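Everything below concerns the one structure shown next.
A, B, C, D, E and F are the chain letters, set down in written order, and residue numbers restart from 1 in every chain.
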């Protein structure tokens, strides 16, 4: 049904396809005529649509976050591709496959979840294993985990991004602990599994990715500390000290007060968790940035990291 | 039984009284003889004790945090009063009244708790009133609240200091809201009541005031957010948004990331709570500092606030 | 004469009213025609006006900061209301009531000044009372105080905003001191009265609110410290130490070096003054923000405070 | 009368000389005997004195800030020279020349003042010249300027240090303006003359150098802005804008909020004044530090600058 | 050949001149027609050009960084002068004098270089003199030094700006050292000469001024430290300690970690170099800012310094 | 020869062994007798020695950094073990094995170096392999690398600590790159190898570990960037861009300006290098801290990290 994706549209092409409307704004030309500026989303990316004729009439038929069928022609406006829209109308969300319209992980969530569970089932500490299993048994949580994004913009900002990041982090933990003696790998694995689990309620991701009110006012650190306490309370004989160490990893994993951690990491495992979480996020963010606009030696500026990145590879001798 | 308090001892006085040993260190004179340096605590303050003779023998008979009977004579050492201890021996804790040995609020905890409860029972919102009552009904919590200190050093650092601060804050809230329209006074009162309640588990205060491991690794903000969630879970029909607003006040009440709040205050009530909490603590701390060493126009340096305070009153013309 | 206010204009309405021109810019359409973009101010707010025809001719007849009569029709441009101006011409400032054109306090300045004077006449310290009376006797100062704004943008940014804030602060002080022993209320009241008095010369507020050169180069803290010294010099037997304490409150009331206080608050009264001044400003700013765009649960972003505020009230259960 | 200076005392020397007591503390030996630890000051530096015998008796005869005659013998204690005091007694301050007892500038204050006045009398702007002359005519101010220190510890911390620093700065200004066009040299000279003038009241320097209460609560920036305003008020036709520019230089000359300037330098002359003032202070401080402990290639750690300085000169080849 | 400069064009003038294209962007009118927006550069400044007709055709004939001949008419658009371009075509770079098209120093680079060399040949230390001569003998370096800019935007951002700044700094050093004893003037002169020499490779300045990749990834501090090491390595018997002191000045001359110095200045000469370098840059930047838009009393906002500057001179009495 | 190590000495033991004197200070008892306080070092740690008798005589026979033979008896002084020294005399350094006297890595430097070389010889990029080999061929560099410490105090502060840290980092890199696609492992391995190589000249480690003057004034980042440039210059056809990327990793590896990096990491490999370097150092530092004072649940306070660490392991249930 979704036959043409935003990323594949080329200049002059006639378009007849479905999109998610992520923004809808009215304008008036200097000659006094109404027009509409739309942001049209699908999983491949975003394209602007402009309605120059019958804008008032067509505009009444749909709202932001609706799915629509769009007909028109692609043209180049100020160096960017746009659809000059001839017709646009709302379609029922039952008639579309939502997955076609939101960016999502390149990996299959079911497979990732299986791999993640397999890793965590290797935990030897019976209390921590029981905690992992208690989470697996929470079907709503698992369903949300399969869809939730890793963040709004900084890293893994797409459907299933949270799961992709969590799995990558667990595999990274397994490799790193191998290099050192004396790290409690079970504790670190549970910390890796749960460190961002509160994001399933911190964000809405049915349509446009955004913060929930609770996410904005409490944050995933506080939300997941409470969530994990509830799971632990239902496990018989879970040691108090162990519960404290698990929750300490969660509330300290941003690593510094200014990033919203109310406590600094104060155990070896909490220090390692913060470090590897940060590293895994940065690698994804930089690589994703580097894949865009491949013509240039420098990426676009990354606001959160305060810099551009140089992508010119060293393997070949570009300058000589 | 406790006949003589540290603060009342004067030079040359013969001392025979009971103290709590809050520190016990060994020394050796340059001539090679053992001696003991003790910190002897009672509720009026602290005095140093030095055991010059039979130090090894006497030292074997008691440890830090024991109650002891001390006999000796007060002398001035380098400008500070000390007890030159002749004899010191452990006494059973059953034979002392613990309240005599730890600094405590000038106000009666029972009366303060009654006054606090009376204020909170004026709450009109039935959900918030139910939350207050649920806390009142938790006898262990109320017992701890009656004894817990307000902080380790910064403000209200004595037994029942938490209750004294909480009550003072509630009364301040009632006055301040009177000056403005549109503040949700019920919400603010609950916030005032619960903002530091996690300190009952963040500190140990049986003997020497100190942090618990959980207090150090999680902090009272996270601890009390979870504690309040549990109370709310047991109240039928407690609105989700209201629960979120209560918890937001708790986790944001330090007002800034660098003071350990994972979220900034983002409601009018959270902003006011932070401001008044901070003000009440500062007033207590400055006044307490100003009461010491009354001879000088400047107080001692306050480390957390980074300054001394000028206490020379303006009512009289001191300089002319 | 001023029959229609900016805030009351609705789409399609024919407009014939008077405004203050707070900005006047020329543009040229892509077709090469001149047009004018005006900011039209009255006390209810601001509306944009666009002159599409005879722009050069009409533009020659008035300048920024003139009062003008505007005729045209209101239309919606990109979601915002504008006046499509048919005619605009300068009117003499004598024929308008300036108060109609600038945003101002909701409270009557005369009444506020009376209430403020009544509070300050309750001061018992004869020196401080004499200082207050010396200020009241300065007619130019009192006239400016009745009109001056509280700030350019952060809080109370409208005519008589300084007086409104000062009065609110004095009333807040009276309530707060009631909760504590040992505060010098007379000193605190004088501090509250004078803490921002330099703003009467820091800003121009005849037309568009802006900084004076002196305000920008010296600031109200330094300006008012000097102003108060001059008043004090004319009062016989004013104690030197008291003068120092008054001026200390003025120069320290921003509370931190980074907010332009050359000294930190170092007396109890200076600490309290800073805290309550900050709180009163924040309450006004947040409530004012919350009154705008009432449809959303979150306010617009407040630049100086670095956040949006959640305004969803807790009294009703919005989410269930 | 003052025959032997602290800096000239060597080990084993018999001492009989006069000093200023800048500290006096009691101690008790481990064997229970009283002793006194004195800081004995003269203009060459400081030496510790210890009274082992008759400490109580001798101690009753003098206080801190008294002048005393000391007899004893110099010995090396833990690598530092001390006087083992046999006798110490108070002498009347009339019988000593105060200048012998406090560190002071290597330059003659009278000559420095004359040179400073000669430079300032070269000012061409009649208003600014009149301001300089008004200061010269203030005899009390000139007397204090001749004695005041440049700072408590950071730079020029000795009698007449303020004058030495001010003169050096004026001479530096004259050289620097020569390198650029378009600097208002008259304005900059007045700024250099007055930028620290408030220090004459910020410090006490009769005996031990310390802050006054007013210095601590208001600071020299605010104090001198007011002082200069008073001088200007007495000069007929002094232009308002010029007064503002002079005062702006004073209040902004610390260059940054965190160093206590309520305003940043916002004129070319204020920027230059801050830069050269800072440079002149640093050169004096580093050179003074480098003159001490000449054996080492590194100076002692300078707290305010947060580093040690390398003093190994490059003219000779030390390492090869 | 270059007959008319951007800064001399006035409204309505017919233009036929040569420019460097520093930006070239496509647009589409609301009516659907293509147009071009050009930035046209010459050494006097920049002017916008708009091509409304035959935009696609004309646009194919040239690219960014080409030299072009432009014909059209100057008009005022939204208060700014633009060229309404009738014709634009590429011209060969051999037929233009590049110096006409880039902003450059008001001083002749040859004369500046001679003056700089004369100063440095006054160095008495034979090793440092040899280092200066080694640099002079590097013809490529001298050629680049004659053209390189002082910075991208902050100060001296034009051709030969680096040389102008370096020479001004050397002359300033000579004046300042005259005011103090004990400064190693030879060392300071070499530091002044070489402190920014790495900028010749940090920037590209053939056409549009920009960072090189190496400049962005290593920075001129590191680049010049290595460059100077190579020069020194070729000088027989250059003392190791002296080399270290020279390089220390280079790597520390930004004065603080946050400005990219890996080490703080730790010698007297390094402290002075940082201070005077900073001052010389600021004077140029403020004076350059003050020369623009001469009608206003305040300059435009300077981003790097975080403020506007007041330029109203004190010599005349503007306000009375 | 070295029969008894500091860490093995127990109370009352008679000591006759060899130590390195890392500090030697004179004291005088209150009774006027000279004594010596020594710090006696061997590879197991440090013990204090006190010479109460014949201190002047014995003290003349040796200096700081000498090896000495010490005879005496171990006693407990204020809770810490000391040697009450009867006799102490200098021994020739040829008669001791220096390795016995300085703390050193638990791993054999020869084996570590072999393992490190084996890893680096796996590099596929011929230029980078040539760079590694050029370093291996520098015998002086390899000798220093085998002995140099990892830091003065923060992490790996012992002989061969640099090599231990470097090897651990290379092994960590090999594991981590395995978790991601698209990382240039050769570049990262060279970065890991060389990131701290400048420390071989930043520190002296013949006797007491300390900074060299060059280390203090230039730092290992700048020193090693130059060192690596020299190696590269001798390799034919080494690509310029690759050289730049290698040096970028070196100068940016501290990760932030405030830690002395003049540039932020701006390539994927530089970001990863900084992160893993930081992590490896922290793991060593925390584990080393946790091994001391094993009785307590909390480690000593770590100054550089600003916290203590909780070492109570979760594997067993300590609190229940």
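The rule we apply is simple: a contact is a pair of C-beta atoms (placed from the backbone, for glycine too) under 8 Å apart; a residue touches a chain by one contact, two chains touch by 3 or more.
Because the structure is predicted, anything quoted here is derived from the model rather than measured.
Visitor: Please find the path from chain B to chain F through touching chains that uses the fewest steps, and give that number.
Guide: 1
Visitor: For copies chain A and chain E, work out whether under half or over half of the interface numbers are shared, and give different or same accordingly.
Guide: Counting shared over all numbers used gives less than one half: different.
Visitor: Any idea how many Å lie between the Cα centroids of chain A and chain D?
Guide: Whole-Å distance between the two chain centres: 61.
Visitor: Let me have the rounded angstrom distance from the C-alpha centre of chain C over to the C-alpha centre of chain E, please.
Guide: Spacing between the chain centres: roughly 43 Å.
Visitor: When you check chain A against every other chain, which residues touch at least two of them?
Guide: In chain A, the residues touching two or more other chains are 30, 213, 216-217, 241, 245, 248, 266-267, 310, 312.
Visitor: Edges wherever two chains touch, nodes for the chains themselves; is that graph a line, a ring, a star, complete, or other here?
Guide: other
Visitor: What chain-chain pairs meet the touch criterion?
Guide: Taking the chains two at a time, the touching pairs are A-B, A-C, A-E, A-F, B-C, B-D, B-F, C-D, C-E, D-E, D-F, E-F.
Visitor: Mind pulling up the chain F residues that touch chain B in the complex?
Guide: 29-31, 35, 52, 75-79, 297-298, 310, 312
Visitor: Please output the residues of chain E touching chain D within their complex, sorted ascending.
Guide: Within the complex, chain E touches chain D at residues 125, 168, 171-172, 175-176, 178-180, 182-184, 187, 239-242, 245, 248, 264, 266-268, 271-272, 275-276, 278-279, 282-283, 286-287, 290, 306-315, 317-320.
Visitor: Provide the residue numbers of chain D that touch chain C in the complex, in ascending order.
Guide: Interface residues on the chain D side: 213-214, 216-219, 221-222, 225-226, 229, 241, 244-245, 247-248, 251-252, 257-263, 266-267.
Visitor: Name, in rising order, each residue of chain C that touches chain E in their complex.
Guide: 25-28, 30, 213, 216-217
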